[in-house]
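Okay, so here's the structure we're looking at.
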Amino acid sequence: MATQTAFILGAGPGLGAALARQFARSGLGVALARRDGAAATALAAEIAALGVPTLGLGVEAGDPTAVEEAVAAAEAQLGPISCAVMNAASLVRAPFLDLTPAQFLTAWEAQAMAGMGFAQAVLRRMAPRGAGFLAFTGATASGKASANFAAFASAKFALRALSMSLAREFGPQGVHVAHVIIDGIIDSARLRATMPAMVERLGEDGLMSPDSIAAAYDYLRGQPKDAWTFELDLRPFKETW
Amino acid sequence: MATQTAFILGAGPGLGAALARQFARSGLGVALARRDGAAATALAAEIAALGVPTLGLGVEAGDPTAVEEAVAAAEAQLGPISCAVMNAASLVRAPFLDLTPAQFLTAWEAQAMAGMGFAQAVLRRMAPRGAGFLAFTGATASGKASANFAAFASAKFALRALSMSLAREFGPQGVHVAHVIIDGIIDSARLRATMPAMVERLGEDGLMSPDSIAAAYDYLRGQPKDAWTFELDLRPFKETW
Amino acid sequence: MATQTAFILGAGPGLGAALARQFARSGLGVALARRDGAAATALAAEIAALGVPTLGLGVEAGDPTAVEEAVAAAEAQLGPISCAVMNAASLVRAPFLDLTPAQFLTAWEAQAMAGMGFAQAVLRRMAPRGAGFLAFTGATASGKASANFAAFASAKFALRALSMSLAREFGPQGVHVAHVIIDGIIDSARLRATMPAMVERLGEDGLMSPDSIAAAYDYLRGQPKDAWTFELDLRPFKETW
Amino acid sequence: MATQTAFILGAGPGLGAALARQFARSGLGVALARRDGAAATALAAEIAALGVPTLGLGVEAGDPTAVEEAVAAAEAQLGPISCAVMNAASLVRAPFLDLTPAQFLTAWEAQAMAGMGFAQAVLRRMAPRGAGFLAFTGATASGKASANFAAFASAKFALRALSMSLAREFGPQGVHVAHVIIDGIIDSARLRATMPAMVERLGEDGLMSPDSIAAAYDYLRGQPKDAWTFELDLRPFKETW
């Protein structure tokens, strides 16, 4: 068992994988959870090559029971979770009158309910220990609700409120809760394949490397408890905001 | 049929009833919807005494289908809705680890899902007409998520995001969407009965009269379209904030 | 002497004049202060035709001594000031490295120092009476500091902080302090003459009528003390924000 | 000459000195500017013991000409400034009607004018190089203006607006501008001597170590340009906010 373990909910190929690599380089064992269990297992195997224990888990982020079981499994197999990142994503963009109630619910489940269930699973364990780090991935829409983003923005606002309330409730108990606002476009192989013109236009350092973002989470994880950050924003130097 | 009709979702005995009286005094017909259909009907009868057509409806605010039916019934019986207020309430306050996922979902349904379904029902009708007023009732927790308010604040943040996105999407189409932040305690007979010491301590004008709040909604309803407000806050003069 | 008197600091031909007309129509005597004393006197004469006592004063808004003298003169000639609006304006837009320290100081004096001196003059009188209304005119830049707006935005942020602190300090003493964010372009003869293409493009109700804005101040002035607004935003229905 | 140089405006014995030590440990030469030139020189000598070139300068932070001369001297003697921190402080707390216009001006000069002059001096040099880091020290009052803080909060709001405008204007030119909100009480020998009861009450990690805060600035300084932070908050784990 590792002395420290990170759990990433929403361990996709972009930021999720970068967080896993970053925490592994910092010496933490890493549990990787995402909907596609086979992909999670494959990523876990890749991260294990960095020399830390890993575990891949297929989990529906919006199902609190499944999330609790995954967290329990990770603690059993890897050890106490000291670092947890809620990174599940689900962009929805649509004219409001085209949106169905089911889509509106799904957007919220993927963010707010996933965050609630995950936070309960890890905080039930961290709070009695009086230590731990729990981070939530936010977006531009976490603080600004634009036209056509009613579903996504309301889910992201809800997630921000959840993290803010938890920071205030669990900070004095020794658990550091943080919210990271990603205000830019994350680089990926898929993006380069599907939107080459935009990638060309943004140019070097105009997209955000997942590794650069992951470094910010790792910095927050290591802050001393007399100077904790609740929220920081991240954007490329050339971003208009 | 009235030339103008108001629809209040969440027509309880406090602010909901005050809004109904205010709009009736301004000459609008009023549809009143709340979970308890008998209470809605009784309130409708009371408002009708002010000389406007009214309709009481029993509706589960978080059920989009039921809300759509109620809105359709109001338009059929009273005429086109030009003023809609989403006023459904559901305070939850609990230590986070005592909260169940079901409670978290219920809090969101009562605010965000209710707001989404209601907004769709009224905007489908207002947008083609290029006119209308849709207001959402917010609270202190709409912008600040305190400890023990994870469920309520995340629902209220979500509702605020919804209203902000809709204001941006439907404003240019001629529909005025607004968000009212009520940052104080609303006076009520029940409050005076159950918390007399607090009422005594706050003193005159330390509680908010529902009528004073309702007047703010009616002001917003009448703003000219070259100077619309998206958001205003309301609090008693002696409130600490 | 009128039973109630309004004092407008920054009584220019646009919003300042519209506020004066609005308050006069509501029955208040009106003192009008601006740098150009002859213009202030001319406007006072025009407003007097509405049947209320008026007074025009030439005042440098950023000079606290001059402002105190003007407020004293208005109280002596018109009666106790119950409504005060700080409306002095001074847009500066420049690349930051082209700005001089003198320009930066001037922008602040015209907003924050003017607001401070004016607030002291009126609050010294209102607070002992336990009543009064003091409003500050804000702008888009009151909450968002864009590139090339370092001087203007920092002055407007400072003015907003001043008004927020005063609202908290003097609210419990019975004085209502409010901040109005004007997030759009105000219509004027000069604008129509100098920028006809933009006016054409914005179309009907795309510019803000000073009268529409003034009505919002008058609404705030009349709010009951159990439901006061600190801040509201105003923008045309078609504004992108 | 060092390959990299930091310039700290407001190099007092607390956070200023901690920033100097932190940057020195990271290998930067350090220029230290504060009103008291002898104290600046003494601190420079102390930091030099860490093995980096240093320079102490007596400067009035609110005087743009003096600040420009100090920045020029630092570049001449230590080399190009790649890291600049505006850390000048000046808390004012008073009932609003006790405040003099001179105090209000002084509070602004010590924050906003100091920030403006310093930013011009360093950005004139950094922008043509297309690189550099400029940070501003904020406080709780940077975003919340409480009663009795009219002077301090309006100065801090102004400084935040300045930094926000500069981040937007100079980010695309390759210069990273950041704003750090310190939301807690910084530990110091003087605080322990003068307020022992409060120190006792806050307990371990209830005060903020200047070193912990300085580490956050150093982290921001090293962020890759595809993921820059504009703003982060820092507070002790047990702080109520």
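Descriptive notes on the structure:
By letter and in written order, the chains are A, B, C and D; residue numbering begins at 1 in each of them.
Assume contacts are C-beta pairs under 8 Å (C-beta built on N, C-alpha and C of every residue); 3 or more make two chains touch, one makes a residue touch a chain.
All values reported here derive from a predicted model rather than from experimental measurement.
Looking at the partners of subunit B and subunit D together, the chains they share are A, C. For the pair subunit A and subunit C, the distance between mean C-alpha positions equals 46 Å. In this assembly, the C-alpha centroid of subunit C lies 34 Å from the C-alpha centroid of subunit D. Multi-chain contact residues of subunit C, defined as those touching 2 or more other chains: 168.
Every pair of chains that touch is listed here: A-B, A-D, B-C, C-D.
On the subunit D side of its complex with subunit C, the touching residues are 64, 95-97, 99, 101, 104-105, 108, 112-113, 116-117, 119-120, 123-124, 127, 141, 144-150, 153-162, 164-166, 168-170. The residues of subunit B lying in touch with subunit C in their complex are 168, 171-172, 174, 176, 184, 187, 205-209, 212-213, 215-216, 219, 223-241.
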